[in-house]
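Okay, got some structures for you below.
Shared between the two complexes below is chain A, which has chain B as its partner in the first and chain C in the second.
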Partner chain A sequence: MTLVAEPKLEKAEAASLRTERIVELVQRQGALAVLAIVLVVGLVAYDDFRSFDNAGTILVSAAPAALIALGMTFVIITGGIDLSVGSLYVLGGVLAAWASQYGIAAAFAVPLAVCGLFGLVQGLVIAYARLAPFIVTLAGLLGARGLMLALSDEGGTTYLVDPGAFKDFGKGELLGVKYAVYLVAVLFVVGMVTLYRTRFGQSVYAIGGSEDAARLMGVRIRGTQIRVYVLSGLLAGLAGSINAARLGSGVTVLGTGMELDAIAAVVVGGTLLTGGAGTLGGTIAGVLLLQVIQNLINQDGGVSSAWQTVISGTFIALVVVAQTYLAKLRRVASG
Partner chain B sequence: MSASDAPLLEVVGVSKQFPGVRALDDVSFTLRAGEVHALVGENGAGKSTLIKVLTGVYQPDGGDLRHLGKPVTFNGPLDAQAAGISTIYQEVNLVPLMSVARNLFLGREPRNRFGLVDVARMNREAAEILAGYGITSDVRRPLGLMALGAQQMVALARAVMVDARVVVMDEPTSSLEPREVETLFGVIQRLHERGVGIIYVSHRLDELYRICDAVTILRDGKLVHTGLIKDLDRLQLVSHMLGRPMSDVRKAGFTSFGGEHSAAGGKPVLRCADLNSRHKLTGISFEVLPGEVVGLGGLLGAGRSETIKAVAGALPLDSGTVEVDGTTLRRPNPVAALKAGIAVQPEDRKAEGLALGLSIRENIALAVLPRLSTAGVVSERKIDKIVETFISRLRIKASGPHQRVGDLSGGNQQKVLLARLLATGPKVLLLDEPTRGIDVGAKAEVQALIDELAAEGLGVVLVSSDAEELVEGSDRVVVLRDGAVAGELRGDEVTTEHLMNVIATAAS
Partner chain C sequence: MIDLRGRWRPALAVLSASALLLTGCAKSEDDPAAKSTADSSAAAQATKSASAGGSTCDLTKFGGQKVDLKTATIGFSQSEKEANPFRIAETQSIKDEAAKLGIPAANLKVTNADSKFDKQITDVSTLIDQGVQLLVIAPLNSDGWDSVFQKASSKKIPIVTIDRKINAKHCTDYLTFIGSDFAEQGKRAADKMAKALNNTGTVAILLGAPGNNVTTLRTQGFKEQIAKVAPNIKIEFEQTGQFSREEGQKVSEQLLQSKPNINGIYAENDEMALGAITALKGASKKAGDVKIVTIDGTKGAVQGIVDGWISSVIESNPRFGPLAFGTATKFFSGEAIPENIIISDREYDSTNAAADLGLAY
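The block that comes next holds the complex of A and B.
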């Protein structure tokens, strides 16, 4: 495919090929392209947006959402969905704040164990009872929320994070960037290697692409399904931990609807809701895009939080419509 | 081959029962090393079930499965694959969204020393392997962007790239171009020389006689013949498949069809000219006079159902015209065909024809609503009248017009479907397997009904796998083979014997 070395190619043909490539790039990296545009607009329009501190704020507030979206990407590529992650995220935060009295290890381990167990049970039910992931994880959402309310006396008790290593982790910075951001970055790299370069990752794509074909090709369907829901649960728990460390307490009201934000980020990032295709790079771009939009609206200051949500929603719709349109263009161009 | 050589794969007395159907009944089958073994039979003969037993998808209810002489149990496709049995399914069973290379290597990707998939090596090896199959496209592109034949080649490459000892091919040529078929035969030849056993399912007799050593014929879940293919001529093979001993072929007494219809002559009510559809139909032409029943004969996969679909506007055509009563359909599609007067009874009445949850009245009314409504308002009285007429005319046995169609017997369901077709006031009736799955008595009634309808001046096109029904129900039979017209039987030639002769004779 050497475009330059084809002087005989008709001009129109070359142009259409080039268009096709650009369209393909934009479509594949659509979220990234829109992110770049939004960043440029922000940099030009708002002085405060330009500061290094603000960049740090965006990254650290995106960290929990990024972790949840990381797990969600795996789940959605298998053709599933995980609605329980918002509740697990809050539950994880409450558990982390409570467990912080026993040290930093407990503050990470307890939420991971509990949320991982939630994921395991959901994965087992989905794989063996063959129930729809939507229903199973909706039940998980309710169960985890109930458990969280029970632990916090229906929101009456707020566990504060004990001063110590865990709280220091939440406040700690390296080169002006919070530890949590590094943790998320490392986990995304591990996630990419897992998704693109391991047999497990191949199975994830194969199941979402065609479960029947995957079965006939000898892919272990159940094992893969169980693992992605465990992974999603673990990451939601971890997201709860790092958020508790940052805020200094297990907040019970945040996190409602977090699962939908994560799904939105994944879809905006170009992953197909029907499964079989998607990238973690796209997910990062999707998460950052939503966070930057939020940040920009805050910069403006004149918009009430209710309208902020409306604007975010509109923006997501626009991005997805644009992607669909570009995908069609590409099909026309290549077919 | 010495006597001590155990067969690669052997099933002895295997049975498999499904609710209401005995899919396999005491079937034995032996595959030896280096043998290309044809597995043939009409639809529902049990070929697919046998394949699924051999490849671990189904577990047999009875009988033994032996691999290299030792009894084995396959609990799933993985077990069979571990034993060196690879399968190429009729529909391409790969993942279209994944790259060609990843499809080829799924589950056995080359890995580097860190245990990670070595993508560069995988792509390089995939390109090398596929070049041997005449595929030179970019292996990093999604499989779904390749042509169907190329996808089939990837599936083939995948099936044989590990040391497969048995390769099962289920109608591998159905979506291949002639050039690709040659490539496939080349691969089969190589496998044959390597001592791999091949089970080859196909309806194309030319192919079977060209590449197969042995043949096993199934019918209605039972083994009817097994042996070397050179000991069996085409006519014998077809007669085994259709279950009509040649000596036993008689003209009368098997079905309830009356004699021939005095075709009123005059202008054809249906005329198809040079219908072409890639991989499916080649230059199909025939015409039907009013009051005439024209049968479409041929084996499964010869293009009978495809022809029906093409006439009904449900199969996209590359070229060709369909003419009803002298008027050419401009843009063939199901709605235009229906408007022009073509009524179709699809092969699978449950999936494509009837709403089983609704009543007889509702099912019939569905078809006539467009004609009966005035400005969107439907006259209930008119519907009642039409429904009553059809119930008595077609002798539908039901407790009343409000009985659920799903509760009726198969024969009566078929009559409701016919009523629906007739209610649209058609000029041409296309019937695809009108008596499949209904009992003997109802069969006779449906057959008699078809006779009556033709006598009333309708043009009827009849497809039936039952050679007897086809021959006795039709005034003429157009015989199809490999998607093209292979011959036509008229007058005295309309016998099962002639039919088999035409089916069995090679086109060349």
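The block that comes next holds the complex of A and C.
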């Protein structure tokens, strides 16, 4: 390296680095950008969209999905997948409604314990038997739904939430916003600190980046894998709990396809399905984007049911295609 | 062996997962031939009993405001995709009646929950936020409406539930339920089956989706009535066909292998009956070899009577529009509304199927 060439090289490098950073930012915040556009369109086009009530509806409706997507983000960053969350969600709701007769603590603890246990077993099998997370959690999906049907007499019995603290939690509001929304917000902050600032969080990224490299760096791969599936199970159970409190009963016709919605929200939020990269901020944007699109379709009120799914699907496809394109640009920019 | 541990593995996993789930949940199916004719007035619903529950509800008791439907905003929340004749006819009937009453299309907000209960709760919440003054709901589930009631009752919005009931406090949480007597449908199906089999033989039941009160009541009504009127008819097979044609066909194929001499099939909806006919054809049975009784009254099934494959169809009338809006109009003009409005369903058999084909949906 000569002294003359150095500044030039630095300049070019700096420029490409800057492009790279901008592209990376847009890629990572693609969902946020689209969310902003969609929000502006909604605010301009629909009077009712602007209301405070409607914002509250969007947030409280997104709360369970957000919790599930929170856990799913951890799982996907490790390069895994958790298909059991939709079933654990409905199972958690049924358990919470049943346990509410023993008080609010039980209504939260029982679903957490059972769904956490499901996550633990799945994590153990994935980590030690080295089976594909897809197949292990698919078994979990079937198992948890089966258990839910067994508990509810094939869906024939619906447990009602006992009047008391748990039901009040579901009804309660602070400044016009339901308690559940605050709970989810706090958990996302805790999740961010855990993911970005702890050794565990760094292991999650390391495993997803390259399992072999992570092993060489001394990351406890099995321990990390087990923990992400436990976390995902716990959050799915908690999502079931807060939903049961809101609905006032352990509804059994829930959660089908919920795992795919969660995966879609996470991926739309910029987390790579291949693992190693992703943010929780993106996941929040992804969850809200899907919810807002649905809300806008309802604001219109004239879109036939068949076209609704087409519209949602198109949005997901657009965001993901844009992200892939930007990722390519980034690779080109970084040479 | 292909190594799937690369970058495509998760993508592949998700793809196959969605494929699996999609095939797993394909409960309803399209039948382009069965287009609705919801607005033929002869096919409209008639009230059978209007005071089954005893208690009534009027505007003062409910504490609401007088509303003129012609200028009001009305919300309709449909539970399932309009992909089977029943739902197509139901939604169309609501829209047609609103148009007939001169309600501008923009004032009728229609949502569809796509069989997702979470979505239906969100849908109805959004409708309330939009300021609807009347809610017509076809509920996906009978329980789990607490948050909706909390919101609706604080704004005193009357809720009319159609086709399925909601378990709640009458006149506080909701105004009225308009729908069929599902147990009665099962009983009438049993009477038809007993007649078709001359009170003796073996029968299979194609059950609807489990955990659904429609399934429970149609099964209960049928069994009780069979035991009462034709104890010599034995029910030898019961399995769910999930209210879908594919499942109905699959289950019927298994049935015909395990019990080839079955005399009758009771299908708890038309779609499953049509699936059963396909299975019977596959097993080289002829029309009339196995007596089929079914519930719904779709065009396909009534045509099945004309063709000789189906013995009778008990109707479950989905045209809720006129009765729903009529009831709301009465309520807003101060009349007392009963807790349950049970509609009378017609029936089709070989004597009237050809003539009444136009009444089917």
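Criterion: the second predicted complex is superposed on the first by the 307 of 335 C-alpha atoms of A that agree within 3 Å, B and C clash if a C-alpha of one lies under 4 Å from a C-alpha of the other, contacts with A are read in each partner's own complex, and residues count from 1 in each chain.
As a working rule, a contact is a pair of C-beta atoms (placed from the backbone, for glycine too) under 8 Å apart; a residue touches a chain by one contact, two chains touch by 3 or more.
These numbers were taken from a predicted model, which means no experiment stands behind them.
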Joint occupancy of chain A by chain B and chain C, clash or fit: fit
Contacts of A:Gly172 with chain B and chain C, given as first, second, both or neither: neither
Residue contacts with chain A in the superposition, chain B compared against chain C: C
Partner chain in contact with A:Asp212 - chain B first, chain C second, else both or neither: first
First (chain B), second (chain C), both or neither touched by A:Arg199: first
Partner chain(s) touched by A:Ala277 [first = chain B, second = chain C, both, neither]: first
First (chain B), second (chain C), both or neither touched by A:Gln308: second
Partner chain(s) touched by A:Gly223 [first = chain B, second = chain C, both, neither]: neither
Overlay on shared chain A, then closest C-alpha pair between chain B and chain C (Å): 10
Overlap of chain C and chain B interfaces on chain A (superposed complexes): none
Footprint of chain A on chain C - complex, ascending: 4, 7, 9-11, 13-14, 16-18, 20-21, 25, 78, 81-83, 105-106, 108-112, 114-119, 121-123, 125-131, 140-147, 150, 210-212, 216
Complex contacts: residues of chain A adjacent to chain B: 1, 193, 196-199, 201-203, 205-206, 208-210, 212-220, 272, 276-277, 334
Residues of chain B defined as touching chain A within the complex: 57, 77-78, 81, 87, 89, 93-98, 102, 106-107, 109, 115-117, 119, 138, 145, 158
Chain C-facing residues of chain A, complex: 48, 51, 53-54, 57, 60-61, 64, 76, 79-81, 83, 132-134, 138, 149, 152-156, 158, 160-161, 167, 170-171, 243, 246-249, 251-260, 263, 273-275, 291, 294-295, 298-299, 301-302, 304-306, 308-309
